[in-house]
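You will see chain A twice below: alongside chain B first, and alongside chain C after that.
Entry: the complex of A and B
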């Protein structure tokens, strides 16, 4: 009994001293609670379906950020990983009869392989060359998909895949749980030493090499990690929609990922995730305006970018929080002195 | 006889698509060189030009020649307005510019869908009739398109190499700061280059649209091929874009005509060639290796 009280008090202390003090942390907690209790408040199948897809795409956008935001290797063909993950999970499930908990990770491993295959020729390219070259890979694969319809189902894709679970709510919780888990892992990766090296490669690759770090290995690692997470998103998508079609490889899919990530703010992980949670439901919400929906979406994008070119979430965070000039700890912007070292904030 | 037909078909189709890609790629690499803008909306302007011609000929009943003039003027104006109000304010942020141009392309595509519906439309050709070479029909319109593309390339070359404006554009592309120090108004050069670049795109659209079918998604395939051409030839190299465009144009034509089910593989084959070249020469065929920008 005493032990429980001790842990409860500890929890309250953490909430009071670490969470309540910073608005961004409060937002994360509120977001978590929102996702946790969403099925309690709404039993609408359609809403749940939208949010399941949103969670899947959030993983995808965050994985783009891990590769392109952090190491600066502009990848314009992220749909490749997504599509390879989806197609291979579907084929493994359909031909080898492996259930979803096995086929999704296996599909992700195939996507890692794809990451290696495109990573190796791309290592010598940089900047715009890299961006334009990576754009080509999903299109090449799509040509192959259409050219061999017996194996890949051609235009119709592979259908008849097993469901993850039979209930919408359980599917939603699986997607949301995986989204939280994988994004936390990605955030931890970017917070570790590896993440610091990724940052450094983006800023100045020559200096990193001069410091005795094998940048080639780290860049390949970024490709593989990103491919793995995007592959999981692809496998989840295939099993949730029960179809793996050529739409997963389309150019617009690659563009959409870049739009989400840049809109939310690159090199943050939380930015792309938040952006997907705003933009994807927005596109669905605008459906009562069917004809003008994509146009409105494009206009919203342009207007927001004109005012916040660094992305929405870094801009918001800078508005509500300031960094202490002495101890570099973040404070709510209404404070006049730092909450830790009491230095004046200006 | 069959082989002769096929070879001639390949040559015609390769020359035309090669010229189209060359015009598009040169416009794209001009604005990239001067302002470091990756303009995804470049081929969207090409599509809008096609629709302009459709509107002036079908809805207003003018001769196609007037349609071409109207298309080039309207689209160039549109491009410069978009540059001034959408891209110029956020030029310092590379990622934001990228997204803005993608969003612009999407917006143009949607506006065209709303105005003209998503159905396939066609535009009358400028000159009717055809001549027969070795039993293969060669339409005068195809010849006209090819010649117009070559003339446009020649005019552009003269503009860039022989005039003071061309000198300003080339020097800004080489080094923005130094060009600024020499008294070149960098912002104005970027604006003019955007105009030339979009003007080229709209001209390309205007001359090629009688040969193809109009639909709001027609900007996707040329966009990808144009980017492949630019990368293959080397960014910022006009000669590279020119040669790369014909290489990819012919590669596409050969795959389409010589391989069964080749229409699906034409993009794949051309892009595979690009990747093979890049593995051997990372800076493209005629690209120059710059000192690493830091």
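Entry: the complex of A and C
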């Protein structure tokens, strides 16, 4: 009993000293609680469907940020990883009869392989040239999908895939849980030594190489990691939708990921995730005005990017939080002194 | 100055979030009407056809007092859902889920792109809602019914008949035109050029054509594949002319159908066009080709002046009067509501899906496009697939003749030698372009 009280006290102390003190952390906790209790407040199948898909696309958007935001490897063909994950999971499930818990990770491993395959020829390229080259890969794969219709289902795709579970609530919790777990892993990676090297490669690759770091290895690692997480998203999508079709490889899918990430704020992980949670339900909400739905969506994007060029969430965070010039700890913007080192905040 | 901005943004985000949750979870209104969801790409001509056909059916039924369900009359309420399926498959499935879950529709009609209709079909079946597919032609949609009847029995094909029959009908048109050329111009060995747009859906048709054309006693002159969005096809047309082709078997669904017809007319290519040219099905084709599309023929569902039966004329004329254009096959949402759902509900006296399925799958009813009956597979399993052939649904062969689209097939058509001849009212003889007659007249 005393042990429980001890841990409860510790939890309260952490919440008081580490969470309540920063609005961004409060938002994360509220967000977590919202996702956790959503099925308690609504059993509406449509709402749960929207949020399940939102969670899946949040993983995809964060995986793009890991590669392009942090490492600077501008990938305009991210649908490749998503599509490979979706198709592989679907084929493994349908032909090898492996259930979703096996087919999704295996599909993600195939996406890792795809990451290696495109990573190696792209290592010599930078900037626009890299972006254009990566853009070509999903188009090439789509050509292969159409060239082997007996295997890939051609234009129809592969349908009749097993569901993850038969319960919409369970599907939702699986997607939400995986989203939280995988995005935390991605965030931890970017916060680790590897993440620092990813950052450094983006800022000055020559300097990193001059420091004796094998940048090739790290860039390939970024492609593979990003491919893995996007592959998981693809596999989840295929099993949720019960179809893996050419639409998963379409150019529009690649650009949608870039739009989400840029809207939320690149090189943050939380930015693209937050952006998907705003933009995907927003597009559904705009169904009440069908004719102008896409136009209104575009207007929202333009307004946000015009006034917040670094993305919505970094802008919001900068408004409500201030970084201490001395110890670099973040404080709520209403404070005049740092909560840790008491240095004066400007 | 900065803090009010932040407050405003936070307030807006909170209001939008609350509105989204309210909008998504609001309770349904009490059911006093029969709700029919009309789903399709509403920003495109196909979706507009879905909606127009459905509104026409609903208005006619409601004007007559509604549908008799047991001892009460219920009016129809249509719910439009833009599937956006040409651009986003996820959007299409969300629209379907929304129709069923939030709008609480009783039935669904529509759908167009097969890749979207397959997952849409899954959602409707999970919710045990009768979904009449009007637009997607792929066989798989109905093969699923036969394979897993208990799950997919709520799906019925509304229009068009499946892609295998579409191909078969096009080959019959090809044979008909070839026979006319042979008889009129005394051409011994008819050469056929295949002109198919560079799109994946044309691949199986090209493959089938390469096999079927020689078996039909004609020579294959070659296959040409212009881009679906090509604006200049003179190179292909010149090559076709050099190949000595007498017939160009077209397989076009995209805008290339317009420049192909226009430039063939301008260059007076001595070959007739037959097959599928979706652009040539539209009323605007004559203007778009600057009158050069004369004598172009295509497969079509409806044509002004041609009557499959006594129901065709009121539908086509009514549609033209109301919407200013000839109905396309996606407007067969009209048939799905007026001739499939209404009589079935009235016969059953209930909206219970299982009861309605049992009645509808065995039904035989007349519709503006012909007599509708549903097929069973070789094992006797229900497929809910449209029956094709004389006496049932056949579609039409239509040809542009001096600014008007005229029906030329079926004209004394016999499916098998012992079968009765089929000719629909309003069918006119096929016309060979004068420059083709001049080129081959002996």
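The rule is simple: the second predicted complex is superposed on the first by the 346 of 346 C-alpha atoms of A that agree within 3 Å, B and C clash if a C-alpha of one lies under 4 Å from a C-alpha of the other, contacts with A are read in each partner's own complex, and residues count from 1 in each chain.
The rule is simple: a contact is a pair of C-beta atoms (placed from the backbone, for glycine too) under 8 Å apart; a residue touches a chain by one contact, two chains touch by 3 or more.
Given the structure is predicted, the values throughout are model-derived calculations rather than measurements.
S.K.: Overlaying on chain A: chain B and chain C, fit or clash?
M.R.: Chain B/chain C on chain A - steric clash.
S.K.: Contacts for A:337 in the overlay, against chain B (first) and chain C (second): which applies, first, second, both or neither?
M.R.: Neither partner.
S.K.: Thinking of the overlay built on chain A, is A:291 touched by chain B (first), by chain C (second), by both, or by neither?
M.R.: After superposition on chain A, A:291 lies in contact with both partners, chain B and chain C.
S.K.: Give one of first, second, both or neither to describe whether A:17 is in contact with chain B, with chain C, with both, or with none.
M.R.: neither
S.K.: Touching A:167 in the superposition: chain B (first), chain C (second), both, neither?
M.R.: neither
S.K.: Can A:319 be said to touch chain B (first), chain C (second), both, or neither?
M.R.: Only chain C; A:319 stays clear of chain B.
S.K.: Considering only touches as defined above, state whether A:214 meets chain B (first), chain C (second), both or neither.
M.R.: Touch status of A:214: no partner.
S.K.: If you stack the two complexes on chain A, which partner ends up touching A:146: first (chain B), second (chain C), both, or neither?
M.R.: A:146: touches chain B and chain C.
S.K.: A:192 contacts which: chain B (first), chain C (second), both, neither?
M.R.: In the superposition, A:192 contacts neither chain B nor chain C.
S.K.: Just one of 112-120, 130-138, 166-174 or 238-246 in chain C hits chain B in the overlay; which is it?
M.R.: Stretch clashing with the third chain: 238-246.
S.K.: Per the definitions at the top, what is the overlap between the chain A residues touching chain B and those touching chain C?
M.R.: Overlap of chain B and chain C footprints on chain A: residues 146, 291.
S.K.: Quick check: in the complex, which residue numbers of chain B touch chain A?
M.R.: Going through chain B, the ones touching chain A are 32, 38, 40, 86, 89-90, 92-93, 95-96, 98-100, 102-104, 106-107, 109-111, 113-114, 220, 223-224, 227-228, 230-231, 235, 261, 264-269, 271-272, 274-275, 278-279, 282-284, 292, 294.
S.K.: So in the complex, the part of chain A that touches chain C is made up of which residues?
M.R.: Listed in rising order, the residues are 41-42, 44-47, 49-50, 53, 146, 149, 154-157, 159-160, 241-243, 245-247, 252, 278, 281-285, 287-288, 290-291, 293, 316, 319-320.
S.K.: Of all residues in chain A, which touch chain B in the complex?
M.R.: 121, 124-125, 128-129, 131-133, 135-137, 139-144, 146-147, 204, 206, 251, 255, 258-259, 262-263, 266, 291-292, 294-295, 297-299, 301-302, 305-306, 309-310
S.K.: In their shared complex, at which residues does chain C touch chain A?
M.R.: Residues of chain C touching chain A: 2, 5-6, 9, 13, 16, 19-21, 23-25, 42-43, 80, 82, 87-91, 93-95, 97-98, 100-102, 114-115, 118-119, 122, 138, 140, 144, 200-201, 203.
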